[in-house]
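Chain IDs A, B and C follow the sequence of writing; residue 1 opens each chain.
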Amino acid sequence: MMRRNVLFLLFQRLLLLIVASLVIFATMNLLPGDPASVMLGLDASPESLAALHHQLGLDTALPARYAHWISDLMRGNLGRSYVYDVPVSSLIGERLQSTLPLILLAMVLSLGAGIPLGMIAAAKQGKMPDMGLMAMLQLLKSIPDFWLAMMMTFLFSLTLHWLPASGFPGWSHGFFTGLRALILPAVALAVPQAAITARFMRSSLIETLSQDFVRTARAQGYSRSGVLWRIALPNALIPVLTLAGIQLPVLITGSIIVESVFSLPGCGKLLLEAVNQRDLPVVQNLVMLIVTAVMTLGFLLAALVRFLDPRLGEERP
Amino acid sequence: MNMRANPTLWTGSALLGIVLLPAFVTALITGAHAPAINVMHRYAPLSLSHPLGTDPFGRDLLTFVLSGAFNSVLIAAMAVCFSTVIGTVLGLIAAGRPPRLIMGLTDLGLAFPPVLIAALLVTALGASATGEILAVALFGLPAQIRITRQAARSVLIQDYIAASRLAGRSPVFIMRRHVLPNILPLLTVQATSSLALAILSDAGLSYLGLGAPPPRPDLGRALAAYQIHIFDHPFLVVVPGLTIMLLVLGFNMAGDGLRDALDAPLEERAP
Amino acid sequence: MNPLLQVRNLSVHSPLQPILHALSFTLEPGKILAIIGESGSGKSTLALSLMGLLPSGFQPQGEVRLNDKNLLTLTEPQWCQIRGKTFGMVFQEPMSALNPTRRIGAQIEDTLRLHTALTRHEIRTQTHTLMEQVGLLQSGVSEHSYPHQLSGGQRQRALLAMALACRPDLLIADEFTTALDARTRADVMALVHQHTAMHRMAVLMISHDLGLVRHHADNVLVLKDGICVEQGPTASIFDAPAHPYTQALLAMSLHSAAHTPLTRLPVYTVPA
């Protein structure tokens, strides 16, 4: 039963990935507007246009172009940057060094702060600490992450000189030097998400604690704290995992913006540069790569949730 | 409806009023265009004629920020309108069908956050307000479909729907007459909360230069331009950011308050 | 015979209103006492106050003696030792009373793990025996099954196995047969009788189902608005009800379909 479930999920994700690739391909190739003329500007000569058409493969038929792109992708060939004239994969690989740790750190911070805060609020439900915390979370949830990033730079870098204001020295200067550069961006990214996680955790835990099976466990002899930690918490965390899956693309989006604030040489910066320079192969492949990563992680999380809550996918309409 | 004893709704509405009323007035007077550039008045301090001073181009900061707020809300409102109308129709159509297609659509939508859609559109077509609205709206669409579908299903299982069906009413009639009025409170709450998200997305996109192009003033774009002045003129960064935050907080609180007032339970959700 | 449970002048107040008024009764080992009455008469509150699981804000007063120990003065850790070990409880909602994310075996094992010093292996073996005793294994349910894979009757058996695991002196059963069909109900009641006969377990049975009460209970207590209007041996209550309320209750059950509950009881939640 379980296995069939996960297989269905896998099949669904593969299908979605194909749809996603079609969407990306269509936007980049079917929309009115010739990418080559956009790249070269309005006063480009017909010869250079034709040359670029050929170089981008724009003079072949659409289905052939799509098939070519997909087969290249399958072989790990992400094309060549038009601007830098290097393989896109090497560009991305370089940039992942800061982007991946940034997103990971933000995720850890968001869950690490959000879950305990939500638990505290749930434990004090309806009392002053809960109300104060909820008001604070409402506020934090509403802060634009890039603005928070700027304000934190102002306070912690420019005024207090605790952490670097921008840039990323890379990991070659030691782990902590690299980490120091990522702390502010990661916190800025994590704060609104942590607020959302905390509010979600609170309602999930309150809901779980009101369930009949919690009373059953108490009747079995579980203590108050025992029932909280061993019975209610694991169940309340399952929806939070699903939420984490939703937050992941949000964090990736946020990382693009925050990288821009802190001038981090990450994938987000690469994407923006590519958009500004109309570097078609980089945009198309990077977007496809991000979508693939989100879908893969989403699949793993969904499979984990189904493993933890075996009801899902069986009974639900 | 219990509107009176609802501090969340009132606070949210008040926050929105503080920003939106002057913003609308400004838009009426200036058409929400950027104030004139005046090189003689760069970085003017706070004064009666410039209550918040002027920016690096000598423009009145208050007028600029209020026009920007108006434009942000306008773009967010158009995006939410788009996703609400299309999402509700699709959600109602999906209400009678198995969930797999909707699940797939939701997952697909999740993988395309506004920045990615905007990046694709801007690369292919160049920056435009339409592209920005589309990017924000498309991201909100799957959630709208899912929520509408869920709400519609809870109405469709009621006995009077079965009676109405037996009486030979068409599905369209049932949807319009019975389902839509019943899920309207939920849709209102959802739209209000979506506005908060849309404003955040809009600010992010224009900060990155993927939003509506100049000359219309925009808060996100202003932040990108003023960022370098954070140390010498922090006010330039604080004011636009605070304005965005007030708008988002206002719509968030109004949404929460409406949810309590209209008794339309809606899960906590992520942007 | 020495009574197992002695309740004297038990009153329970909720923050808004009194729920139970000066209730007194005794229960002897091996006997079944049925509490009957309409919804809202305080039956479930009585069960929860005996378990020390009243919602926060509910105040019990009076005396509940179990083997000469006053339960109302127990501290929370002392309660935890009694719940599940000396007292077993089965609730009315078999669908939601089991944890959907844990396997049946693990949930039954919990009772043993909390109250005995048995090794893991011994707990496994005992759980297996329990599941066989309540007829779960025979109906194709294994330790590895999840609650959603079970029928209503199977879930109720699993709950019964959890409640009976430590051979409690008292089983509190709150409407636990309501959701079952007649056949399953008879099977489950037979199981309960086995334990009353073999281990001299006493049962406090809360039920709307007067047919079931008449058939299984030794004594009956009639509750109306938190007040005991009448109590006595089952036969005398059913044959010669003294109080007009009891007469009305019995008449109603004769006229209506006797096996359907009047209304569903409110579900109380336990603060953790």
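Things to note:
We take it that a residue touches a chain if its C-beta (ideal position, glycine included) is under 8 Å from a C-beta of that chain, and two chains touch if they have at least 3 such contacts.
Which chain is which protein? Per UniProt: B = ABC transporter permease; C = ABC transporter ATP-binding protein.
Just so it is clear, the model here is predicted, and its values are computed rather than measured.
Distance from per-chain Cα centroids to the pooled protein Cα centroid is smallest for A. In this assembly, C is the chain whose CA centroid lies farthest from the centroid of chain A. Between the CA-based centres of chain A and chain C the separation comes to 50 Å, rounded to the whole angstrom. In this assembly, the C-alpha centroid of chain A lies 21 Å from the C-alpha centroid of chain B. Computed from the mean C-alpha positions, the centre of chain B lies at a distance of 53 Å from the centre of chain C. Within the complex, the chain A residues that touch chain B are 12-13, 15-16, 19-20, 23-24, 27-28, 31-33, 35, 38, 138-139, 141-147, 150-151, 153-154, 158, 192-193, 196, 199-200, 203, 243, 245-247, 249-250, 252-254, 256-257, 260-261, 271-272, 274-276, 278, 280, 283, 287, 290-291, 294-295, 298, 316-317.
If you check the complex, the residues on chain C that touch chain A are 51, 53, 76-77, 80-85, 87-89, 91, 93, 96-101, 110-111, 114-115, 146, 148, 159, 162-163, 267-272.
Against chain A, in their complex, chain B makes its touches with residues 98-100, 103-104, 107-108, 110-116, 119-126, 153, 196, 200, 203-204, 207-210, 223, 227, 230-231, 234, 237-238, 240-241, 244-245, 248-249, 252-253, 256, 267-271. Interface residues of chain A facing chain C in the complex, by the touch rule stated above, are 209-224, 226-228, 231-232, 234-235, 238, 308-311, 314-315.
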